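Shared chain: chain A. Partners: chain B in the first complex, chain C in the second.
Moving on, here comes the complex of A and B:
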């Protein structure tokens, strides 16, 4: 654990207090020590706070939208029916596709002249630009929802399968209608898996770099400059390695909040 | 002649390769007295993957390695990168760890950034001699090898100057004998050519690179410099005028397809290839691959892009008649390389006439070797615009901050695209975006060393 986690974190922490850039990279240990300079610059002179807000809202909206989709799909495929295995497999396609493939395909569909723009145009709707301007934020969310809802589906499905047969039989004997059964019998079983699914989903959304990077390219519209994207640009376009490490540390704090909740949730479950 | 060249590619590759390798081998025997002995050694070379000619590239790797081994006894291990990001990551890790490829192939505009790391060999007179001498190269290709003649790291490898393609049929129908040499006149010609589903120009506003090249060129043509020492001047009226012209093709002149707000360069090329655009500025010789298989095959030519800035009818005093950035690839040698003798011998092989011809015939990359270029130009008049453009190519500012400045210039377009799509980019919006770009550029320049 010391080698894998502590040492890299300490090195990164040291880098974050250095004026480390393309000019000093070659002998990075001799880069000038600037204390909290990078942290101050990140907070006061960069778009870090805006990126914080974009990442958080993007993660929360995406998670909230995927819950009903995932739960609905899991419940719909809970009972046996002909072709259930095929349907379950199809549901997993968005999740198993590599992120860059998803982003490339959606970028093609959303670009001017793409299938979505043309389809809406045929229906009499002038949709405008999806990959630039304010609408790009919603493009990012739509694609993220499409790609990530199977995670919720999978975890809810695993929760549903832990419900004993006897419970279903008892509910049927008591004459419970489907909503009552769902609300008072099934949902309590899903509370744990669904909570974990939400936490994992939020972490995944916050850390998703590939999707906005491939969808929008560099430089990206301001509305989709998520935290990982900003850190990437700072590091690999502006070559401000010290500054980007400081940004990375601050984003770690952001990620640590749901992570803390996640760890608590795991602990609660194991108890 | 260009078409003929492409048509003969398949047959030509094997023939020319064998001939050239034979020449190389002959040359090798002559040069072997000065060639280092590399028996038992391997040099590692990092090249961009060629997605168009993947198989041919692999074959070329094998052939050139065999030729080098015959000459020096050393093996060559090629490693490829798929994107600039891969390349950047490799350079960074190699710079920090002091180990990695011995030789890197870099895009010309990335050379200042590479120089700023201090990780690559500065070329001494002796090093140049080992490569075959500076005189071997087309002088303009050396313009972005370093900040000055005494501090150079980049050895020109191949040239891709920017030119403008035009549809000869459409121009003839409109009674235009040749493309204009001023931006204003080109805009007027484009207006004449717009109509019946055809647009005067094909432009990729969403491209991640093209926009800054237009702005930089127009700016230099007007006599203004975006960078003066450690001072950025992106908020100058000349820069504003360049952006206004660039956006005006869509918002005022209506000579470009409104959909082009979402186009990158390949999409603009596709529009030109389908015959729906008369001019396609900012393209290179590599576009021949697409155009010779398209609806405009045999109906297009290349010309220099205008060298007179917007608002002028002739080159203003103090202006530079820029036709293109110095575009192509440079080769650099890592300081940590333990085989620098072999590295330079290998670079000599790559930049000598035989390999330069193979690179042109196989991949369509123009030579940087002066003698090769002259011979090709004589035998293939269709190359004249490229040769002229290479001669009128100028270097972008040689500063480690250029990457940031380039990004800031493109960012102005990216953030203006919603307004552009709505049909108007106001001066207020543009000035505000330029102020942001100016700040980014100045911050980067102030940090530069």
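Moving on, here comes the complex of A and C:
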């Protein structure tokens, strides 16, 4: 099983030092060897660094914005009430919808003259273009937030449920008001699950290709060219295969940091 | 869930005890509870109901930004099957994602069993690599896979690109690490005692697996199969590169609605929304049916 991942990675490593494009693909083993040329070009002449920045800020902003939504939802559905099962199912809907469906739907809603532009217009706000130009970056973030907050909700909810009943009893005996109970009793318990949730969320945001790809299509506005998207464009629009694999390897750095923390946090072995 | 797991006093006082326990577990005052739940439900339901209305609306109506259709019609749901061959796309998706699910669940179960029950050198490394592999961006893998498949046709004369099995193999490489991880966490929770008892009774390793482990781990197997299925169903990246007009999946077929224009006027918004709903239906159904198991799998340390 390791080989089916390792072999492509080795091939990718080899490809990243070749001057590979659509003309040399057919006989790709004979493509000219250019060493670190692709890496140098990616750093100096492409928009790789800009994409790095877009990916990082996109992941951080999306994660930060989903925290209050997810935590709020988890706290609200901890208590039993009539119809809680339905509410919980509703909360999961954005997460279970396929990304390509979510992106298609929001693309239609953000269309010039579509429901959102029109709605804002009747509220007296002229919003301009959402799928093009600088605002497209925020469109991407809004849709990502809508689609990803239930992940935080799920992980925080399971953290909440592992809080001992005695803790609740003690807080009730002390006559703690709801806010101080949350602030001083419950939140400290959630630190662990919430940080794990954030790391997983950041990894998901960084690796999300489908959402920007379907939401904006190709050619895409520059402001939404996250790393995976830029790599895709370099591969299948510019056909610079060697260059894009070099970019791919450099983008691994970005995944490596949260992944490292994640690996430390997950219990690998029970023994 | 916590409350229901607690011991009940007696049937006569249980109702009372329940309300008291609810009071103890309470985190938010009633008013705030209603506001939070109402706001979050609206966040989900408003866009969703818009999609349903838009799928019943005319293209002009959607383009004008109507929420409620000025004229209702089921036309879109009839037309989607002929405009771009959505039926074929869904069929392809079912075949690809289905085969990925079956194979990956079977292999993952066997691998996970070995990883959990036997000790050998490199075991922890393999466990760790399962998590690492899940996080490797697909965009890094798509090119080497494409080149390998491309070479297969140049050097060996085997066409892989554009075939359904080629796509399925590709998804397997991504589904397997995740499915195996799900099974590892599941099998770990099974008591070892049963297997030891069977061993004492003289059962062979194989019959222990067949008669004890498999029947007990069905829920885990189902979850890992469903996740593999979803991976195949939801993918756009590989499908956009490796399919042709005969083998394209539902995800790609849906993209084509956006590009198709009747008489050069408007995109087929109504049909696009209808098709989006149709593409989402199998996934949502799977979740609703297996919700209890899936949520457990999601929180067991899952990168989507």
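Note that in this section the second predicted complex is superposed on the first by the 261 of 271 C-alpha atoms of A that agree within 3 Å, B and C clash if a C-alpha of one lies under 4 Å from a C-alpha of the other, contacts with A are read in each partner's own complex, and residues count from 1 in each chain.
The rule is short, and it goes like this: a residue touches a chain if its C-beta (ideal position, glycine included) is under 8 Å from a C-beta of that chain, and two chains touch if they have at least 3 such contacts.
If you're wondering where the values come from, they're calculated on a predicted model, not measured in any experiment.
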Joint occupancy of chain A by chain B and chain C, clash or fit: clash
Which of chain B and chain C A:217 touches, first, second, both or neither: both
Per-residue touch tally on chain A - higher for chain B or for chain C: C
Touched partner set for A:46, first chain B, second chain C, both or neither: neither
Touching partner for A:21 - first (chain B), second (chain C), both, neither: first
Touched partner set for A:113, first chain B, second chain C, both or neither: both
Contacts of A:151 with chain B and chain C, given as first, second, both or neither: second
Touched partner set for A:236, first chain B, second chain C, both or neither: both
Touching partner for A:128 - first (chain B), second (chain C), both, neither: first
Clash with chain B (superposed arrangement) - responsible stretch of chain C out of 152-160, 170-178, 188-196 or 296-304: 152-160
Chain C-contacting residues of chain A that also contact chain B: 25-26, 28, 111, 113, 217, 236
Complex contact set, residues of chain B against chain A: 85, 88-89, 92, 95-96, 113, 116-119, 206, 208, 259, 261-263, 400, 403-404, 407, 410-411, 414-415, 417-418, 421, 444, 447-449
Complex contact set, residues of chain A against chain B: 21-23, 25-26, 28, 111-113, 128-129, 131-134, 217-222, 233, 236-239
Touching residues (chain side chain C, partner chain A) in the complex: 1-3, 6, 22-29, 33, 36-37, 40-41, 43-45, 47-48, 50-51, 54, 62-67, 107, 111, 124, 126-129, 131-133, 135-145, 147-148, 150-151, 154, 172-173, 176-177, 180, 188, 230, 233-237, 240-241, 251, 254-255, 258, 269, 272-273, 276-277, 279-280, 283-284, 287-288, 291, 295, 298-299, 301-304
For the chain A and chain C complex, residues of the former touching the latter: 1-2, 4-5, 7-9, 11-12, 15, 25-28, 69, 72-73, 75-81, 87, 89-94, 96-101, 104-109, 111, 113-119, 146, 151, 154-155, 158, 161, 163, 165, 168-169, 172, 178, 181-182, 186, 196, 200, 203-204, 206-207, 209-210, 213-214, 217, 227-228, 231-232, 235-236, 241, 244-245, 248-249, 251-252, 255, 259, 262-263, 266, 268-270
